[in-house]
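These are the structures in question, set out in turn.
In what comes next, chain A is part of two complexes: it sits with chain B in the first one and with chain C in the second one.
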Partner chain A sequence: MIVVLWSIRRVLAALVTLAGVSVLIFASVRLMPGDYTDLVLGPLATEAQRALAVAASGLDLPIPEQYLRWIGGVLTGDLGYSFVSNVSVTEEFAARLPVTATIAALTVVVTLLVGIPLGFVSALRAEGSAGAVGRFVSALGISVPEFLLAGLLVFAVSTLGLGISVGQYSSFAEDPGRFFGSLVLPIVVLSVGCVAVVARNTRDAVLNVLVEPHVQASVARGETPMFIIRHHVLRNAAVPILTIVGALVAVLLGGTVIVEFVFNVPGMGSYLQTALGRRDYNIIQNAVLLAAAVFIVTALVVDLVSNAIDPRLRLTGGSRR
Partner chain B sequence: MRTRTTAGAAITAIALLALTGCTGASGPAPAATSEEVAPGFLAVADDTAPAGGELVVQVDYDTAEAGGLDPQSAATARSWMLEGLVYETLTTIDENLAVAPGLAASWETPSDTQYVFTLADDAVFSNGRPMTAADVVGSLQRLRDTPVTWTGQLGPIVSIEATGDLEVTVTLSEPYTPFLAALANTPAAILPMAEIEAGTVDITTEMLGTGPLVASAHRQDEQWTFVPNEHHPDAASLGFSTLTVDIVGDEATRAAALRDGSADLAILNSTDSASLLSGAADVRVATQRNTDFHYLMINSIGGDPALADEKVRFALNSAIDRDAINALVFGGSTAVTGVTPAGLPDSCDPSELASSARDVAAAKSAIDAVGGLDLNLLVYTDEPVLAQIAQVIQQNLAEIGVTVSIEQVDYATYSGKVYADPSDFDLALSWFAGYADPAMVTTWWNPTLAGFSSVYMTGSSDLNAAIATGASTPAGEERATALAEVCDLADRQSEMVPLVLRPSTIGWNTAELSPTLTADEGYGNVLRHITEFRVG
Partner chain C sequence: MTITPTTTQRLVTARDRTFGAWRRVDGLARLATIVLGALVLLTVVAVLTGVFGSTSATIGGRFAPPSPLAPLGTDNLGRSFLPRLFEGIATTLVVSIVAVLCSAAISTLIGMIAGYYGGAVSELVMRIVDVLYAFPALVLAILVSALLGPGRPAAIVSIVAITIPLMTRVVRVATRTVAERDFVVSARISGVRTPVIFARRLLPNIAGTVVVQASYALSVAILVEGGLSFLGFGVQVPEASLGLLIQQGMLAMTFAPHLLIVPGAVLVVAILCINLIGDSLRDRLEPRETRSLT
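On to the complex of A and B.
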């Protein structure tokens, strides 16, 4: 019952947050200098062309009416049309979201498979060479900027002939092999940073649990290391790891601008970047709102799962100790 | 220990790759070749080369026009190129930038205000309907009646009439020398007027032309796919089965695609790309001269109050070292220009302009007289070369006591500051398409005709009159004199200051593609001779 009430409270809070975010997004977009008609028409356009474009894009309406139309459309599932392509926002997103979702999902899989074991090894062998390597790899992964790694990979694969082409994206429906092939490099680049972050947090979480009295008591009782890890460390370290993984999922789903741009993958990140440059308001507003919603929902799910994992969170309604 | 060794080797490999990638760019950039393989051509397709393959071209950005796919409202060179694959014009331009027959097989000029066009008898729209004189009349009339950017370039048209089954007569109110060149660009394309008037085709969303290709698919900002127009006279001899145009924003990715063979041809933005590709097998990079040119706006209306003084503006103009811009930014691959694009017939000689003396002492004296200047210089990030030009100008102006702060912003922000009323900048860099006739671009120096420039420049009645004279004087020595006057007046007024031509850098995979590329281009159409391309 407590969990249900807690969940209802969180959902209501999320809705209020989203409403506030929508106002911020709308205001931010309108405060950006330059608008779509200036940009697309260019300086040489005639006044008649300009007037036509302004009317066609609805930018001649009062600002409050523009907001109400947008938010009303969001609530009824009508997200409007892209100024540039004149295709519905829903259709544009439907073509790009699966790409970003696939990249995000596969990156998370790689991250979990590599990052968590690496973090455990770093923690359990904190004083040895394995721990040092783990720390070094984590520091390196966090430090190397995505654009640098992506640029190096682009150069390397095109020069060394590794059988991977850069920028040859194809949709899953057209060519599944090429689709996944085109995602290999983006996933590698994203995974480096994500693995580093997860490994680092896993290491810290495990180290924190290892010094807890109940773990030390287990050691004193003579329980085997594997038993201690399985029964006392894993579950207790899971909550902070889950939190960081949840944040990574949200960030990845929100769009991975740099890798999508460099590797020419048509996902949400590169699309949002292009839309920002063109002041394609309908795309920007809905994409950012969607990213905010993803972030909020992911945080909600992480909290719910954390509650399920850690009984202490349940008892306190979300606040641990 | 083994892990450490492996990690060390990996790091070393990455560092070596980074160094390999940077070495060429850090030294003097070896300019892409501009060597002509035949007079006027950077490359000529080999008729015996394998043909029938899929042609893949990568470009940096997609067409995005408020008028959708309607070619008449197309305002950017990218739209002209892509839509020019599907549409054709009455005239075209050849490798010497001279006007040549297009859909008009020939023409006569009974007087200096009348043009009688004889239309090609084999032009057929991709829906199978032959082009008629009514399509030509309707298209030009539509362009004349709908005020778009290109309407002004067509000149003072009085009437457009079908004077035969395959004959159209256009009458002007006064002589206008650029008329035939203005007809050669995509906005003057011949449209399927019967279908447009019947409402069976919406040309803002669908392209239907007489050109060699038909757009079969388009995903905005991602990809175009074109297939042959089976009704085109060159359909049977096309050297490729399909054309895919990939939109790839990152320059390094386009260079990589050339290197690994996944693109047959790519448009590059930087001459440094030639360095990056210098070791690549089967890749050739060439510089195509363009009539487009970079220019500096000096805001005499909304900028620093001192900029209202012509002497101050001329001091800034004469302090700029155009040769240094050419050498440092373009690796010496381009040329200094005046208002009329260098290289076009009758264009003025930039070395004869007053500013070319580059009298730094006189310029410094003029700036000292106003107590020195602190100016901002606005550039937009979409065109990285502008920031490089800005740095040279910043150093040049420092020599005469002007402190310049460079502001890099996205194009929307730039547009909001430069073209808004009131404008909000001191100096700004941009570029103009130079077109195929030297008088066409001079229009923009008349703020009343141009419109957009009226927020930052006042112009003068002398300059406006000189521009009008340059447009109406027949090509030849007399026009060269008239255009020299335009250049001289614009140079002295120094409100829009031409700098250097803006070349295109083109890379192609010689193992897969045998293209025909002209050494000069007037409308940014790298694919002008696509019907001659052959892909194995």
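On to the complex of A and C.
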């Protein structure tokens, strides 16, 4: 019963946050200086032409009505049209979202396969020099910015060859091999930072469990290290690890702006970046709302799952609160 | 013949090992402090005295390799790159430090209020902070810079907006654990005024947490400033920042790779040093159990 009430409260809080995000996006887009009519019609357009363009895009309506129309459209799946190219935003999303989602999903797979084992090893070897090396390498991993790593990789690949393509993007339907080939470098760039973050947090989570008395007790009972890890450490360390991985999934969908820009991948990030430069309201609003919604929903799911894994959280009201 | 009990021996070696590792890690942090301090000192001297040359005078051909006149070669306009590099470091550091100080002050205050009062106040603060938290960092930065126009103020405001949510969360949790303790409760009962409780009872006990979070926020700030400038939404030419220099270096990397590699290396070293110092601060100031993992 308490769990159900807690879950309902958590869902309601997420909805409130989402509503707040939508208002903030809507307001900030409208407060932006610059005007898309300048871009579409050029600086020499007459007032009458401008007024016509504004009326055609519904920007002459009262602000609250514009907001309600937008939210209504989002709820019914109609995201409107790009002011500049007049292409349906829904169609563009359908084409671009899978690209970004592929990058994000493969990055998460790489991160889980490398980061978590790395974190475990560096926690279990925390005392030796291997632990110190691990700490240094993972600190280095989070210190290299994506844009720099991406730039250096472009440099390395373009001068040394290596048989990996840069910027030769091709859609999955046309040429699957080339599609994945063009995503290798973006995924590598994103993975470096993510692996380092997950490894650091896994190490901390495992060390936190290792100092607990019940682990000492099982060492004293003479249980084997593998047994202790399986039965005493894994489940206790799972919640913080899950939290950080969830945060990563959520951030990745909105965090591909730089790699898509550098490697010229037609995903959501590059779409949003171009739209921001053009003040293309419909695209900006919907893309940012989608990224924020993914973040909020992921955080919600992580909370609910953590609660199922670790019943102690129910007493204190959840891990993220 | 003496028989040394094996258990004792094992305990001693284990302890030695622990202390050995601790000393090594601390040495790393010490080294990081020295490197970072030297970088800051050098930058301050370079910017104040202009000892490495002018940041605007043309002294040679474009993209010239290093020479006695221009120790790091020249950039796309034939200016000596070394003074430009220091100008860039100075901008990046000033923007990041100012932003983190603002962010730390704001989030300490609202985090303490939320943690101390709890209930509806806490709920309200956390919902507002959650809204900011839900934006992807760089997208939020680009939005802010589109609103304010690209430049230093936009970079500072976006760093503040990005770092506030996490810091506020952590401060709130830390405050909540302190606020429940007896010395705070007794101060409240004996009628100590609330601002005094905040300043004398709560703040000293969460200061360590704030310092640790601020050090991590500083590395995030440098990353955000770099990314923003890199995408063209941050500091604009003819000013310089590390991100801007890297972006310009990328345009010239096939024939003048040093213009990309040098500012890139400085950026990585600076962030790495800050992270290592942050790790070491955390080990000292925060006991393992109270650490936040998110």
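As a convention for this text, the second predicted complex is superposed on the first by the 298 of 321 C-alpha atoms of A that agree within 3 Å, B and C clash if a C-alpha of one lies under 4 Å from a C-alpha of the other, contacts with A are read in each partner's own complex, and residues count from 1 in each chain.
Note that in this section a contact is a pair of C-beta atoms (placed from the backbone, for glycine too) under 8 Å apart; a residue touches a chain by one contact, two chains touch by 3 or more.
Here the structure is a predicted model, which means the values were calculated and not measured.
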Touched partner set for A:86, first chain B, second chain C, both or neither: first
Which superposed partner A:222 touches (first chain B, second chain C, both, neither): neither
Chain B versus chain C as contact partner of A:42, first or second or both or neither: first
Partner chain in contact with A:151 - chain B first, chain C second, else both or neither: both
Touched partner set for A:131, first chain B, second chain C, both or neither: second
Which superposed partner A:247 touches (first chain B, second chain C, both, neither): second
Which of chain B and chain C A:64 touches, first, second, both or neither: neither
Which superposed partner A:32 touches (first chain B, second chain C, both, neither): both
Chain B versus chain C as contact partner of A:177, first or second or both or neither: neither
Chain A residues contacted in one complex by chain B, in the other by chain C: 32-34, 129, 136, 148, 151-152, 154-155, 158-159, 261, 276
In the complex, chain A residues that touch chain C: 13, 16-18, 20-21, 24-25, 28, 31-34, 126-129, 131-132, 135-136, 139-140, 142-148, 151-152, 154-155, 158-159, 201, 204-205, 207-208, 211, 240, 243-244, 247, 251, 253-255, 257-258, 261, 272-273, 276, 288, 291-292, 295-296, 320-321
Chain A-touching residues of chain C, taken from the complex the two chains share: 14, 17-18, 21, 24-25, 28, 126-128, 130-131, 133-139, 142-143, 146-147, 149, 169, 219, 223, 226-227, 230-231, 243, 246-247, 249-250, 253-254, 257, 260-261, 264, 267-268, 271-272, 275-276, 279, 288-289, 291, 293-294
Footprint of chain B on chain A - complex, ascending: 32-35, 37-49, 52-53, 56, 82, 84-87, 92, 95, 129, 133, 136-137, 148, 151-152, 154-159, 161, 165-169, 261-264, 266, 270-271, 274, 276-279
In the complex with chain A, residue positions of chain B that touch it: 1, 3-4, 7, 14, 17-18, 20-21, 58, 64-68, 73, 75-76, 146-149, 151, 205, 219-222, 246, 248-250, 252-257, 259-263, 280, 382, 409-420, 450-453
